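The following blocks contain the structures, represented as structure tokens.
Next come two complexes built around chain A: one with chain B, the other with chain C.
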Partner chain A sequence: MTYDVIVIGIGLAGLTAGVHLAQAGRRVLMLAKGVGGTHLGSGTIDVLGYGDELIERPAAAFPDFLAARPDHPYARTGLPALRAAAAWFLRTLEADGYPFAGSLEDNLLLPTAVGAVKPSALVARTMAAGDLRSGGQVLIVGFRNLKDFYPALLSDNLAHARLPDGAGVSARSILVDPPGLADEADLSPLDLARAFDRPDFRAALAADVRPQLRPGERVGLPAVIGLRDPLAAWQDLEGRLGAPVFEIPMLPPSIPGMRIFERLDRALRAAGARVHIGFPVIEAHVARGRCTGVTTGGAARSYTWRAQHVVLAAGGIASGGIVAESDGTVREAVFGLPVVGRPAPESPRFLPGYFDRHPFNRVGLAVDDSLRPLDSGGRPVIINVRAAGAMLAHAEPWREKSGDGISLATGYRAANSILEEPR
Partner chain B sequence: MANLSTDILVIGGGSTGLGVLRDAALRGFRVILVEKGDLAHGTTGRYHGLLHAGGRYAVKDPVSARECIQENRILRRIAADCIEDTGGLFVITPWDDPAYGDAFLRGCAACGVPAEEISPADALRREPRLNPGISRAFVVPDAAMDSFKTLWANARDAQTRGAQVLTYHRVMRLLTQNGAVAGAVVQNVRTGEERAIGADFTVNASGAWAGQIAAMAGLRVTVLAGKGIMIAMNHRLVQMVVNRCKLPSDGDIIVPIRTVCVIGTTDVRVPDPDEYDIEPREVQLMLEEGEKLVPGFRQARALRVWAGVRPLYQEHRPDEVVDTREVSRTYTLLDHPLRDGVQNFITITGGKFTTYRQMAEVTMDAVCRDLGVERPCTTAQVPLPDSEAGRYYWLGARLASREKTLHQDQLICECELIARHRLEEAFVARATTDLDDIRRTLRLGMGPCQGGFCIYRATGILHALRTAPPSSEAPGLREPSSPGTPALAPHREANSALVRFLQERWKGVRPLLWGDQLRQARLDDWIFQGLLDAEHLPQ
Partner chain C sequence: MMVADDVRLTLDHCVKCNVCNTFCPVSNVTPLFPGPKYVGPQAERFRLGEVSPDASLDYCSGCGICTLVCPQGVRIAEINTKARAAMVGGKISLRNRVLARPATLGRLAQPIAPLANLALRLRPLRWLLDVVLGVHRAAPLPAFSSASFQGWARRHTPPVQAKRTVVYFHGCSTNYYEPRLGRAAVAVLERNGCRVIIPPQGCCGLPLQSNGDFTGARRYARDLVAQLLPYAAQGLNIVTTSTSCSLMLKREYREILGLDSPDVRRVSERTYDICEYLHDLHDQGELDAGFAPLGITVAYHAPCQQRGHGIGKPALDLLALVPGLRVIEMDADCCGTAGTYGYKREKYAIAMAVGERLFRDIHAAGADLSVCDSETCRWQIVHGSGRPSVHPVSVLAQAYGWSP
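Entry: the complex of A and B
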């Protein structure tokens, strides 16, 4: 059978493109080597947090940001596509019981697990009370046997944070034993998240924490408040504590990211898409400038899949979508598409300081406004292939705090560009 | 702070200095060692980990070869816990002169280095990744030796015998009295505080920096700095030390050590032992040479690159020497009372890690002679701590010890299997807030992820120790306070430790960012910048 669209990659960009296309009635096949960036990130939708300085109002900052970066992926989609994608995302997640807060107008400032203050546009409602823009009092609660969360360091840094309007945060921390799990020497965040799904666990925890709570304090916890039904778990905990509660994302695996993945995956299947994870694409079939299908490898045997269109969302260098070799060559892994943004052979690829702006960090695919990868002459290379997400050149997502927004906007735009074509 | 006095002052916290420290302590001297950085901060912590059997020098430098095999046998006896008995192979590849094999065997026989020829097929059975085009192969008793562990063991043993070790103490000037050296003024580089250490005898064991120290006594000592780069690969591509059977050259040794293997090295003279770069072409050279020994080497994942500077003593004018490989690898003892008429001062330099104990022995023999006392050396007989049973280290040792506490303790560094209590003990025992000191002690962050996960955890644990209320059960970690230098607030100390480590790691991976290691670096960016936003911590 021939699919309407094959989507390669199941990070946020691939999920966005796939769900949007499937909901529009297209027959969609998702092919992925493994789960994607959702499981690594913070589970927030960071749209634009830093240009040269901290950005408080992302939508308003777009024109200046893009004027200085005319090749940025956002310049291909424009702000309207990002707005439409964000609205779609908020709708889709809310419909599955995991509502988000925030907008593209203002960034919230949320504490990170080390106690820095990071700008995010859209955040799960379970995180929203962590917004520090107006300061306030927070109590950070950690678990004695959880090695990936250090409440004392976190609160110490928050207490010394410099916030835009000169607002200050009063922060302190406590360590508690997770009820019933105190004997686990090396507590897994997943086990903890599953425990939070149980009312008796939440009741026992609240009984321990509530007497230590001071009036006016908001309570910050690691982002493990429930895996199955985080909204209910969070609401219940707020009720039992009588105070606002917020989650703080931890190191991978990201439980908030897994919640997003689970819901978009469910949306895919509900809209009739087929999802194959563990199916790395090992060969692409291209004839006369069109892709006719791809072949996947995997544990059992190889399969060849046919489709009218392909959305390539295999991720950047971190995910293996873009590969750099020891001899200096850089290639796109599936189609061998031209990679742009490489520094000249004799100029440095990386600079001496870790936080420097490294020239090599912006390599990726150049695309047109339909997100079709381009050759050096500016012509689409394969007419029915579109690229989205971290594969695109000229962005520095972890520095700009823009990766989630780029994935949403380009995944959505790639899907729309296919929907605009006659079937 | 109070001035100190001692019988012997040792300058330099590398293998030579620590060897002298322990040798002196065993002979019953009061002894103090000063080091401007951490122990193993210089050349010793930047070598490939090879305990030579002497084969490498058997043709060209027989004196070195004899010293190596002699010390190899002694170290196997006294430092077994620091040694993995991998054995070594010398192989003739298609790029090497087949006639060298006979010269090699003759040289080994003449120097007493046991070398046994095996068939290429046998060599390939033992080391399946080796180039199948090898024409001859020889087995020698090379081994892998952990320089960090060896140094800590020497320091620990000397300390239990009353010796003192002052790390992060730089020598500002030597004290002199009537034409004799009488100790040194040292500065704590962290607090800026100075103190005088009066000593009956001073040993300059500062390796590539020995010329700088000798100059403080008005003496001219020329030590060339020969830079060598090394690259750690993610896997043990070989299980034995593998050498090219030819005259020593660049990139011709691969040493399996702990969970990695290290290829080395180069030899380039650099004017300043503190200032050198790693050039992309040097990295490419290592990969090309590695490929000749182990086809596919280039595709393996390179973890980290570093360089060390060999101290090469040169009796002539420095501009006479072009190739530092032509300088003997044996060590040099400069008895300044005899050589220069400056009393109570000796410089020991040159040499190599394999001969550190012997260098210490001849140094202390000379010190005893100059002091007119007779106290025999016992370092060839008295085993180092944890080596008493004579059991070699083995690759599974850490896992075996970790398994015992599987259900009682957190695993902080998954790559190097470091449990939480060991990390906390190391912070307290070393009284340090520098994560790089902990890396040298425990190998924290030295594995494939280069600290991606454990460094965040270690930062949190460091902060917790710094803020812990004082109690006998949890001693906490307090900076040695000193008047006039307020300690950093704990959050600033933790943040700066984190950022410093990220920068230090970046230095080691920057020349190697391709393939899987670039992917790893990107994941670490994702974590430290995208997720934690470490760039915007309060500093």
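Entry: the complex of A and C
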């Protein structure tokens, strides 16, 4: 059995490539060691939030941003690929009942769980009312026994924030007991999200919060407003409170990320892709510069899967796609592809300050415009292997707030580059 | 000093990301189980040489999904299975001892199958079983077959000519509850040029292992390995229709029960899930693809244990060879029953709640039939969805024109 494409990794980049290819009629096999970054991130699509300073208009900022960073993954895909990927993403999520708001023209400024202000281009409609640029008054509601979400910290920090136009944010907070779950000692975001699926929970919560609400306030809650049908749960809550409601992403597990994963996973299967999670690739087969297949481990024996193309989207150092050894050496885990951006042996890998621009943070794969990993001479190493997402070198997604956009754009571009080739 | 084992060492890779908790079918529906992360890697740190301090461990169904989705390779389900056995400490309830011995039950009940089945349908008796023993009165206990598969096998005349010889490990359920599946499997294998040897065989020991009786499970395991070893030693492949039992042979004897001998390895290396085996034949161009059209829609559910094999979903590829057959893959993770878990009074409602999404999706798919590789899952799916459920090989047999 030969597939058209094997996608390794099932984070946002792998999902994007896989769904796009399967929807285009290709036989796709997804192989993943485990579940990817969707469950750990904020569930927003952050495209470009910081260059040297905060970026308000990401699309417009592209030329200057890339002029200063000619090796950046976005320089390989260009803005049009990102636009096409974003449009595809919005369409796909909307079609499955979880619509997003926003565009590449304009970043929304959303509060984080600690009350910082984060620029995001595309956010779930359930988060959009958190855009602080719209001014007004914000009421942050927290749950007394939910760890990792402290509304007083959030609102205090927001009250100190300054928006790009110099305006401040007017925020206050309250703590409430989650109806029926007040005695849970170890309440998790999952427990709450499941509770929000129930109309009786939303009704009881709204009855508690509504009397404490002041006219004109928007209500911010941790991003746990439902898993089954979050859009309906959020609309219902807005109706019951009579005020705009928005979700604020919190620490993992990411409920908004789970919603994205669930929908893209469903889209994969609906388009006929095979999805195998818990299948770590242990060997790659390359002959004369072409990959013929990869091998995964199994209970009694290993299995080799064959395909015409491979999209490698196994993640960066945190996911094991790029492996950093304790002696400072770095390697790509599946094919042993050349890793670039490594600091010279004598020079420091890290700088003293936590928020410094650490040289080590930009290691990864160098790729051509088809996203094929390159050797030191600038030639593609394996002609039918493309790389996408956090494996790519020369980006600092956590600093640039660009990780989701890079995954979308490169996953989409890798797929298109395969679709452009004769079958 | 405890001997470090590979399974346990994986817990050091846990980064507390919570991915396992988001997928756990049990903690998704009940607060009685706080989730694999808490009960697994976190609690394990308090269990070094000690019994688990947290009894909620007993609510783990052992489905193994946590291990599959873990991005860091922590063998969460396996850690928990071992910890449960340590917690049980050989003190196993009468109910669990009964449920964990399908072969003994089968041997006792088969001669009086009509009577036993009638009795199991009597409400007062089920009430009694529930109250006295703790087997839930509504649990989908399978009906005993009045004739064993082994009995049929002894009378069966194999084809004169064969291209290859395989050994069929049918497991307890085929022998005592679903002999028709065994006959379908033999028909499909023979159609593909196999001479099928059906040796006497005992229980794999999985129900004992799941209920925490590792001593009993190892005894069963050693007996079964001894029964299958002569064939494996000749280089014959062992083909099975029971996906959770074959996972025992393939990996869990070694990984969970710690039976890591050359003999166990030899049997393990020769063990194939039947769809895996047929798929391999297909890859080699050796599968007879002369399937007659079946104009039906089926919902395919890959059971949790099947996904643990690491073989993909060969049933989907095989069913795709049948003309006119519309196959819809279910994306719900678990049917809930997890072997004997769903039979237990305190767990039946949990198992039904876990399966609810699958049952709903089977209806939504407009499926005439659901297809699933595991017997207890099929019984649960029939119970929960009200639709019939069969092994993939039964569908293939039908498409070959075989009739029972």
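Everything below uses one rule, namely that the second predicted complex is superposed on the first by the 419 of 423 C-alpha atoms of A that agree within 3 Å, B and C clash if a C-alpha of one lies under 4 Å from a C-alpha of the other, contacts with A are read in each partner's own complex, and residues count from 1 in each chain.
The rule is short, and it goes like this: a contact is a pair of C-beta atoms (placed from the backbone, for glycine too) under 8 Å apart; a residue touches a chain by one contact, two chains touch by 3 or more.
Here the structure is a predicted model, which is why all the values come from computation and not from measurement.
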Message: Clash or fit: chain B against chain C, after overlaying the two structures on chain A?
response: fit
Task: For A:A87, select first, second, both or neither according to whether it touches chain B, chain C, the two together, or no partner.
output: neither
Message: So in the superposed three-chain picture, is A:S188 touching just chain B, just chain C, both, or none of them (first/second/both/neither)?
response: second
- prompt: Of the two partner chains, chain B (first) and chain C (second), which one does A:I383 touch, if any: first, second, both, or neither?
  reply: neither
Message: Taking the superposition on A as described, I'd like to know which of chain B and chain C A:A95 touches: first, second, both or neither.
response: neither
Message: Quick check on the superposed pair: does A:A300 touch chain B, chain C, both, or neither? Answer first, second, both or neither.
response: second
Query: Touching A:K147 in the superposition: chain B (first), chain C (second), both, neither?
result: first
Query: Looking at the overlay, does A:A161 come into contact with chain B only (first), chain C only (second), both, or neither?
result: first
Chain A residues touched by each partner, larger count belonging to chain B or chain C: B
Query: Once both structures sit on top of one another, what is the angle chain B-chain A-chain C taken between CA centres, to the nearest 10 degrees?
result: 90
Query: If you stack the two complexes on chain A, which partner ends up touching A:A68: first (chain B), second (chain C), both, or neither?
result: neither
Message: Contacts for A:A207 in the overlay, against chain B (first) and chain C (second): which applies, first, second, both or neither?
response: neither
Query: Upon superposition of the two complexes, what minimum C-alpha distance (Å) separates chain B from chain C?
result: 6
Message: Output the chain A positions appearing in both contact lists, the one against chain B and the one against chain C.
response: 40, 186, 252, 319-320
Query: Inside the complex, what are the residues of chain A that reach chain C?
result: 1, 33-36, 39-40, 184, 186, 188, 190-191, 194, 252-253, 258, 265-266, 269, 274, 276-280, 296-303, 305, 319-320
- request: Give every residue of chain B touching chain A within the complex, in rising order.
  value: 287, 298-299, 302, 405-412, 420, 453, 456-457, 459-461, 463-464, 467, 489-492, 494-495, 498-499, 502-503, 505-507, 510, 513-515, 518-519, 522-523, 525-527, 529-538
Query: Which residues of chain A touch chain B in the complex?
result: 37, 40-42, 46, 54, 112-118, 145, 147-150, 152-153, 156-157, 159-162, 185-186, 249, 251-252, 316-320, 323-326, 328, 349-350, 352-355, 360, 397-399, 401, 403
Message: Under the definition above, what is the set of chain C residues touching chain A in their complex?
response: 17-19, 21-23, 27-28, 31, 34-35, 38, 67-73, 247, 249-251, 268-269, 271-272, 279, 282-283, 307-313, 316-317, 329, 331
